[in-house]
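Every chain is named by a letter (A, B, C and D) in the order it is written, and numbering of its residues begins at 1.
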Amino acid sequence: MTVTDKLPAPLRGIVPPMITPLSDRDTLDHAGLARLVEHILAGGVHGLFILGTTGEGPNLSYRLRCELIERVGELVAGRVPVLVGVTDTAFVESVNLTEHAADAGAAAVVLSAPYYFPAGQPELVEYIEHIAQEIPLPIFLYNMPSHTKIAFEATTLERLFELPNVVGLKDSSGNMSYFHEAKQLVDRRSGLSLLIGPEALLAEAVLMGGHGGVAGGANLAPRLFVDLYEAAVRGDRDTVLMLQAKVIKLASTVYSVGQHASAFLKGVKCALSCLGICDDAMAEPFQRFRGPQRERIERHVRELELDHVIAPSRSLLPEGT
Amino acid sequence: MTVTDKLPAPLRGIVPPMITPLSDRDTLDHAGLARLVEHILAGGVHGLFILGTTGEGPNLSYRLRCELIERVGELVAGRVPVLVGVTDTAFVESVNLTEHAADAGAAAVVLSAPYYFPAGQPELVEYIEHIAQEIPLPIFLYNMPSHTKIAFEATTLERLFELPNVVGLKDSSGNMSYFHEAKQLVDRRSGLSLLIGPEALLAEAVLMGGHGGVAGGANLAPRLFVDLYEAAVRGDRDTVLMLQAKVIKLASTVYSVGQHASAFLKGVKCALSCLGICDDAMAEPFQRFRGPQRERIERHVRELELDHVIAPSRSLLPEGT
Amino acid sequence: MTVTDKLPAPLRGIVPPMITPLSDRDTLDHAGLARLVEHILAGGVHGLFILGTTGEGPNLSYRLRCELIERVGELVAGRVPVLVGVTDTAFVESVNLTEHAADAGAAAVVLSAPYYFPAGQPELVEYIEHIAQEIPLPIFLYNMPSHTKIAFEATTLERLFELPNVVGLKDSSGNMSYFHEAKQLVDRRSGLSLLIGPEALLAEAVLMGGHGGVAGGANLAPRLFVDLYEAAVRGDRDTVLMLQAKVIKLASTVYSVGQHASAFLKGVKCALSCLGICDDAMAEPFQRFRGPQRERIERHVRELELDHVIAPSRSLLPEGT
Amino acid sequence: MTVTDKLPAPLRGIVPPMITPLSDRDTLDHAGLARLVEHILAGGVHGLFILGTTGEGPNLSYRLRCELIERVGELVAGRVPVLVGVTDTAFVESVNLTEHAADAGAAAVVLSAPYYFPAGQPELVEYIEHIAQEIPLPIFLYNMPSHTKIAFEATTLERLFELPNVVGLKDSSGNMSYFHEAKQLVDRRSGLSLLIGPEALLAEAVLMGGHGGVAGGANLAPRLFVDLYEAAVRGDRDTVLMLQAKVIKLASTVYSVGQHASAFLKGVKCALSCLGICDDAMAEPFQRFRGPQRERIERHVRELELDHVIAPSRSLLPEGT
């Protein structure tokens, strides 16, 4: 079987960046992981992305990363394509992780710029060209300048989209002007996929011609994002605006309890714990919400009726939509 | 033997951040490493810091990092304290590296903030408190906001300086106002050491009460920085200004050939190769200088008479100084 | 006549930020100004914004700013609402400019944060509250953090939207997540207007519920942006994507000849000069394109058929759309 | 009389950036101004700089700026050189202010990059070249990237130091590596002056060869900074460190009461008011400290014995130093 057997070209739809259920900093919550995978897949998603930013990938030991790759491969069992984050500061470790991912049946890897030293654009081109030759899976480039300090600039993208195993771009810059520029480049080669990171931008990204999104909130409410994606695809603006308001509501409640950049991640994990799906232990430098912060999340979960949302077969759209 | 046997309190003087001699991305240049260690130690330095930013630490495989830790331990053989960079995005990997360092006889570790997710200050405090409990060596905090995105703010330092195995701060922010603020805090507890990162700031840092510096240029010209340190300690301003001009000259020549943030690193490695000390292979995402860039470095090496400088026993000071 | 007689509530549509035609650094190109106003208005725009960023407002002498305010008032003669940028570092000068604007029949002023000292959010609230009491015209807040260093944060907007003469927000941050957050706040009070700055984001801003945009490219091709706005309003996605491609093409050609942040401004002025509409002299620190750069703009103007576009009555839409 | 009659070449010593005593946003506190000028001059300073950042220059109306220029010229009456900040976003207004300054007997102007649009370096060169031709006074370049967004890069300085009426650089970047680089350039032409902005860096700037500083704290304690300057000039390191501790103490007390970037400015003005020297009204967007914040400043003023410090003839040095 070739890689393209596993991966639609272009990949379209909702590909949630799965959080990593932990019972402590270096132990998977196995039962929670199984429940979470079923919860997300039941929402009708089009792929699953593990070990990304939302997955706390860089904060996990390599041992645990490999264990997660294998376990998710078994749990998903080919129902949707699995994408694995292999971004690393060390070239050799990215290659090692990709080999594990290939063995576990992953469909592709997701790779950003190395994130300690800020590389120049020519250095970034050469880096991706070299690693693309060494790894046995298709590559989604991952534009994440807030965390890596550098963006894939347009001329860099142009070069890298010529590489045969580069199959798309996940843009998490939050800069829609960049996204539109990237879209012009993606459109030049058949089969390339352009996915948006920030979930608040999913609707407009799809309305404006993007292929889908990597919405972190889909850990909680996968059906909400699948419905929003589908409404945008068919150009149903009333439904888009109605569901978009729910997406913004998540941001102003569940993701706004914490005070630091980790607020989103802690909020999602805590809400999943409140819903009984999985443990909310975190890898350092983060710690789970406790006391009053957890109580605020619990209240938001009730008010947003996220416990209803988790009944996976029910669409969030009003009947008859 | 306790850790304090190996580490003066405070540590004072020049502690070069050693580059890592490589023959390819995942192979040590063993012969070059041995020559480089002798070259640096012959300059009269007061310690050696491996696997820092200048050492390309985050870009090396863990296998190679462990090999380097062991080999440098053997080569130095207790002549000066060895400090090991263990900064990582994954808590568990930092602990693993520290255990290797302890086994190899290292005197201390150097630890910055985890550098993928930007932590809030309370998260950073908790992170250092937790890791300090788990690791068997004294810790130098490493303030490096250009690469980690966050600084150790003053109130954070105040808390962390109370931890018994925090023994000092290496400040590479380049912000001397911060350095002076940190100095006030360092002065409150006996034995804490305050070292400056950027070599252009070494002289004033010592004149203003700092304990020394982690000067990357000391890979090339260890005696230059030792002389500068000593002149500053004894308040010999004429010598300070004369040697400072040489330091600035290095920056405007050897470190200015490249066009990206990697210019310093590539320049130092290339110059060491021109001098016959070690190979200049680099770990991705960087590549050694080639062609015209190497020729420019060769010319600078000749013009600065760095080949004379490497005769380690000769001081750079005019006779009679 | 009250201010609301002149200004729809909410203001909707395309409100071009007019460039300021100059014949030298302190002299208006009066004939060019008259032609430019007619060119823009013939495109069917819904308002005109002078002395903004695109208008080089902060770079012009106060004498010239007052002259421009008066002359544009005469030229427009009430055909569309005129908005006047009065952002300044000096409170008193903003008030003075507003009084001139009121005398000249302007419908509203546009006001960002003072842009030399970065104010804290509570300081910004107090500043706007004070100035709102002193000036006789409705206020559009102008979010422009790239130039003012600070954004109007959500809690600040919430406070300021309660002021009776704050009538809307022009968001030029380029951050659509912010825009969506602002929209939730705008929707709470009837009559508030939310306009988007960057023209590449106009279509999605309107598709997602915004009221229109302040598109700089409308100096050149006002009908293009009016058509795009109208297509978005009626949810005609095919037309939106077709016209959006033209907008992106402008950015990758006319706005990409220069190498600095001024590239957009110089490109627009030069193209208007090539089209024979007005002179392209600029106020310092900028200088018009000369030689090869002007030739590149000339070529782009021909290739994009901007000379056809300027026939104002012709829509850019294919017939039958 | 030529300009150089008024201005030593190079200018050396302490040139306090005077705060502007106001009784409300657009009214000078004339009596306070007269007391403040005498207080500062009695400290033995080497010049006086008005309408800089500390002087709230950009926040004042042009009318008031001209009034201040004239009044300070009369009050100082040639006892020390007066430097006038004429930085502006509008070229024409900078020229107008300079003409007022020349009429009032000022010795030089201080000019940074225009601060709304971020200029590219070639644009900045051309801007300074043009303005230098139009104005009748010597120019100190003012490097202030935190407020203007751009620095005078080394190659730009190199070009501008060739202009006959550029007489020095005031560096407020806080980046001492930049300062050292600038010093190499300053040293190439006789008579150029290099002054440091941040007062915490004054001592090391002078120890490392700079000519003096523009210390904002000298509004409060002029003698402290004159003593520190003189100790650094004669290389008296013990005195330097003793006085530097007082400087740092000011920063951690008087300048740390506010929470925003305005904390320094508000603290200095409030302390001067507590000392009975002048009113502490401010120009928008700032407001004076009130209630508990003023009480904290009052306490700091007592604890630091700033009321003793203001007896101008007394040196802060222990007797016999």
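One rule holds for everything that comes next: contacts are C-beta pairs under 8 Å (C-beta built on N, C-alpha and C of every residue); 3 or more make two chains touch, one makes a residue touch a chain.
Not measured: the values here are computed from a predicted model.
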{"item": "Other chains in touch with both chain B and chain C", "value": "A, D"}
{"item": "Touching both chain C and chain D (chains)", "value": "none"}
{"item": "Centroid-based (C-alpha) most distant chain relative to chain C", "value": "B"}
{"item": "Higher-contact pair (C-beta pairs counted), B-D versus A-B", "value": "A-B"}
{"item": "Between chain A and chain D, centroid-to-centroid distance (C-alpha), Å", "value": "51"}
{"item": "Rounded Å distance between chain A and chain B, as computed from the means of their C-alpha atoms", "value": "37"}
{"item": "Residue numbers of chain C (touch at least two other chains)", "value": "none"}
{"item": "Those chain pairs that satisfy the touch definition", "value": "A-B, A-C, B-D, C-D"}
{"item": "In the complex with chain D, residue positions of chain B that touch it", "value": "174-177, 180-181, 184, 198, 200-201, 203-204, 207-209, 235, 237, 240-241, 244-245, 248, 251-252"}
{"item": "Chain A - residues contacting chain B, complex", "value": "25-26, 53, 58-64, 89-93, 113-120, 122-124, 126-127, 130-131, 147, 149, 259-262, 283-287"}
